[in-house]
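Down below are the structures I want you to see.
Each of the next two complexes has chain A plus one other chain: chain B in the first, chain C in the second.
After this line comes the complex of A and B, so read on.
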């Protein structure tokens, strides 16, 4: 019985991905591209030979964003300000790292920079968290609005104080290669991956084994229950938002110090948008989300080249993500109905059909 | 085009038979929800040209019955006959087509649209708006309702009484011949109630059948022809127009009060028997033993307490009361009159905006839930499913969600499963909680067993003051007895109880003193030492105290 349920869960989880890849292929055919070439390119540039190491480098910030989202989503809090939280961290890291790394030991500089990025990401969540805790204001809207403001602010920083004076393009100074995070020996994967994995396992432990995790689950199930059990709801909201923002800020430090080395204005990798469906597919469980985030880092790494070679915009990858989301919704709907032993036809539609039939009978 | 209705009323009026035909008949309607039988074999009937008053406290099953008649829910069993024909009301749309119009308790008008636009929202199946036809229809309806309403006024600008008339017009827009009014007077001024009465009179003359839901007795007298009383999901009394005509007003009042609040076990008997059993009913009153608590120490004291919260609920205002050690203090009142605010203000889930709360002389007004818990405050909430337990967590964890992080069940922030499971098994045994295992999800248990989890959690760890909020609501007979037994046991060991309940039998059986709450205020307090206590409290509750 239990193994059957696991099997069903596995299908419910993997099927949306397969269906999305398949219908993505159909779309490519309609666009006059060869889907087999497209997908084999993704394999070639995302996994084959040593390219999996590039995917692994990209995986690190995505994993941190995913964990940052899981922490709040599990509590039914929707921090959608991930872009702002990420970019303010990225701007600060790119702005300060060229100076800090020159004036102190690089390890201390990396540490301080990461703390700064995490603190900045967390700081962006303070206003939405306060509004939610104090007035119950919808955090989806406030965190999103805060994100727009923060992105604007990050761009001002890049164009203003952090602008590289030697070039015209609005961008920060490029961090010299020897001041970037080192690679894991024998690979070209940044050690940021280790940081991300350590954080992921740490958070998983926090959520699944500690009293804090239990309080979070109670709050997530019902804030009334939490209040009833004596859990301070405002404190919970603040803590979770701050952890989420800090993890997303940390993602930017791993990404800039380990991969990019600089930022330009209007650059926005928007990991949160891409990762969002995958944390749901992972049922908001950190460990279960790992393979999905890996899958997407391969898709994104290989896809960046693959879309170019097929003459497509890189936004085609987001089409695939959207298709995953779509199929996930449909399959979850059917799955839930099956669990409840109900018919798959929406009750409204059924009533309508039944009604028009009985009206026909009358007539 | 369906508003051939008007001539239908004329027909009914002209035909002498039509005046007394059965318009709607609900036979043996049963509807159960998990843990609660909301409607238990209820029969009602209403004739054309008659106003049937459906009386009952909240939770008596009125709302469920109405949602069944209006097609929002389907009964588990039972049949509904409209004009003598068995009908299945599968959707609100079908209800409308069968001529059942419903005016809901809360306004359904859109305040930024005009009266006419609001009414035309109900027009379906047309591509173009038939403004001219709609205006004519409104004119006919307005004269019927006895008031002229400018069709181009914004609904939000109307007075409440006028809004009510538009609501009724909206309900009749499809040409209904059965009108259901769900507590329509709850938001009206006395003058508007009179207008409503006039409207109903003229609708009656037109041959409409009206079902009028209320929990206020004087309205039932003013507006109703026949009366049906529901109590705990059952029909306990039906007085037809003829029967009421044969009784004097005070007799009727007494019969109705008795069936609504009285402590005889009339829930089982049917309408005919009630009339004959009236005299014998009082024998079954379970007498409360009056105890002398004057020497006992005051444990809990509220001084002018008012509450505030984020929620749109009735708050308590200026509540003053004191409870002695070993006392059971009852709070009676119609549901939704601030009971929850009172309970939450006492246990710390809702902040006290004015006044003070003392525990053994210590001012605890500013303490949070956890601090008050450690002093010995406990709360058995009325919202078992969504507040009391976390459905997705195991039974064992649910027994401990108020002790998270505390030794010996948690060590260094980690659960100590062996200590927790051992204690949980003991509690499950002691409170006879029926669960397949410790790890079963709490939400899958029955209502009674969920309540036992709550009681185990609140009563097991050295409580001093327990607030019980509707502790037996919706439970089966056996569990009710168990819950009341546990409460008595707790008090006999020197515990102090605030018992909030809408069940007067319960209050009179258990309490030493009872206060009646209305609109967040205490409107009266009675010592539980008279045999007529249920009726006394009932009179306070329906605002009919002489």
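After this line comes the complex of A and C, so read on.
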């Protein structure tokens, strides 16, 4: 019985991805591209030979963003300001790192820079968290507004004080290779991966083995019962938003110090949007999300080259992500209904399919 | 500085303000209908892009602005059907589905734009304005407010129709009931599902129309992600307006003039970094949200799927 349940869970989580990849292939055919070439390119540039190591480097910031999202989503809070929280960290890191790494030991500089990025990411969440805690204002909207403002601010920083005067395109100074995070010995994977994994396991422990994790889940299930159980709701909202923002800020430090070394204006990798479906597929569980984030880091690494080779905009990956989200919600729905032993066509849809009598003037 | 207050500048400011206010107004009108019926449509941003792109392609091929607008609205309705079938009928999470629609809209339009017009990026010829007889001769207001593309007058008319529809008609009452207390609408013999379906489709149509306005009249071309968060501002405007159409129109106009003021300042030679200009609307919206935090009221059933018989 248990193995059957595991099998069903497996199908429920993997099927949306397969369906999305399949319909993505159909879309490629419609656009007149060869889907087999496209997907084999992803394999070639995302896994084969040593390119899996590039994917592993990409995996580190994505994992941190994923963990940052899981912490708030589990509490039924929606922090959608991830792009701003990430980019302000990235701008500060790339602006300060060329100086800091020269004037002190690199390890101390990396540490300070990471703290700064995490603090900046957390600071961006303060206004949405305050509005939510004090007035119950919808945090989706406020965090999004904050995100747009912070992205603009990050761009102002990059074009202003942080700009490298020797380059025409507005961008920050490039961090010299020997001042970037070292590789894990024997590979070309940045040690940022170890930081990300350590944070992920730490948060997993916090969520699943501590009283704080339990409080969080109670708050997520019902804020009223949390209040009744003596949990301070405003404190909860603040803590979770700050943790989430800090983790996303930290992601930028791992990414800039370990991979890019500089930031250009209007550059926005938008990891949050891409990772979103995968944390849901992992049932908002850190460990269960690991394989999905891994999968996406391969798709993104290989896809960046693959879309270019087929002459497509790299935004094609966004379409695949959106398809995964849609298939996921539908399959989740069918699965839940089957568990409850009901027909999986809802009464609303049944009535619609019959579209028999007209009940009112809206039909 | 004196130059700022000459007639020419004021006329340019008003025209530019209207041009940037109208797409927002249309999208926010649609979102108002959707929110009043209890559906939070986070896909507005994506739907606007889809409407903008389809309107642009249509005008490029037919040279008819009206057809372009219709085309934008049609594809807007078409993309809102995803939200209808998944969230309204199946009761799936509106936030997740909304984000999916936005991502899909951004991705699809960007891919299509690059594969079809990536290298040429043709511009549309500017839309010739219609001069309203007599009124267009009034100084300052005449050459700005009353000399506009016909699309603008139609949009304002639509706002009146929505206001009347929400306040005075049976359908408007049903929409509000579906957002306030869906159970009582059901008990009174109305259908919550149908009401919400109708509202979400209307919302999609309006968002698509807004996107088409943006690409056809606002910018005359289509670039990927050109709306730059306007769809989210529309959601906020709808939330703050609390279903009152006059507030939606007023809020959008205020937004438009905020934007046009900065363009005029730049024209006058006062140099503001464009990134600072771009964040002004968001700062304004956030400030409004902070000041009116208490009154950002939303329908009680917003975002909650209706399941008959559930408590």
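One rule holds for everything that comes next: the second predicted complex is superposed on the first by the 351 of 363 C-alpha atoms of A that agree within 3 Å, B and C clash if a C-alpha of one lies under 4 Å from a C-alpha of the other, contacts with A are read in each partner's own complex, and residues count from 1 in each chain.
Convention: a residue touches a chain if its C-beta (ideal position, glycine included) is under 8 Å from a C-beta of that chain, and two chains touch if they have at least 3 such contacts.
Remember, it's a predicted structure, so these values are computed and weren't measured experimentally.
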Practice task
Evaluate whether chain B and chain C can sit on chain A together after superposition, giving fit or clash.
Solution key: clash
Problem - Touched chain A residues, chain B compared with chain C - result: C
Exercise for the section: Return first, second, both or neither, reflecting whether A:135 touches chain B, chain C, both chains, or no partner chain. Expected result: both
Exercise for the section: Examine A:273 and indicate which partner it touches, taking first as chain B and second as chain C; both and neither are also allowed. Expected result: second
Exercise for the section: Scan A:228 for contacts with chain B and chain C and give back first, second, both or neither. Expected result: first
Exercise for the section: Quick one: classify A:120 as touching chain B (first), chain C (second), both or neither. Expected result: neither
Practice task
Determine, under the contact definition given at the top, whether A:100 touches first (chain B), second (chain C), both, or neither.
Solution key: neither
Practice task
Scan A:17 for contacts with chain B and chain C and give back first, second, both or neither.
Solution key: neither
Problem - Clash-bearing segment of chain B, relative to chain C, as chosen among 19-27, 55-63, 109-117 or 217-225 - result: 109-117
Fill in the blank from the handout: chain A residues contacting chain B in one complex and chain C in the other 135, 351
Completion exercise
As the complex stands, chain C meets chain A at residues 42, 82, 85-86, 88-93, 95-97, 99-101, 103-104, 106-108, 110-111, 113-115, 118, 170-171, 174, 189-191, 193-195, 198, 224, 229, 232, 235-236, 239, 273, 275-276, 278-279, 282-283, 285-286, 289-290, 293-294, 296, 298, 308
Fill in the blank from the handout: chain B residues touching chain A in their complex are 90-91, 93-94, 310, 349, 368-370, 373, 379, 381, 383, 386-393, 397, 401-402, 404-405, 410, 413-415
Handout entry: Interface residues, chain A side, partner chain B - complex
Key = 135-136, 209-212, 214-215, 217-218, 221-222, 224-225, 227-232, 351, 354-355, 358
Handout entry: chain A to chain C touching residues, read off their complex
Key = 31, 78, 80, 127, 131, 134-135, 137-138, 140-142, 144-146, 148-149, 152-153, 155-156, 159-160, 265, 273, 276-277, 280, 311-313, 315-323, 325-326, 328-330, 332-333, 346-349, 351-352, 359-363
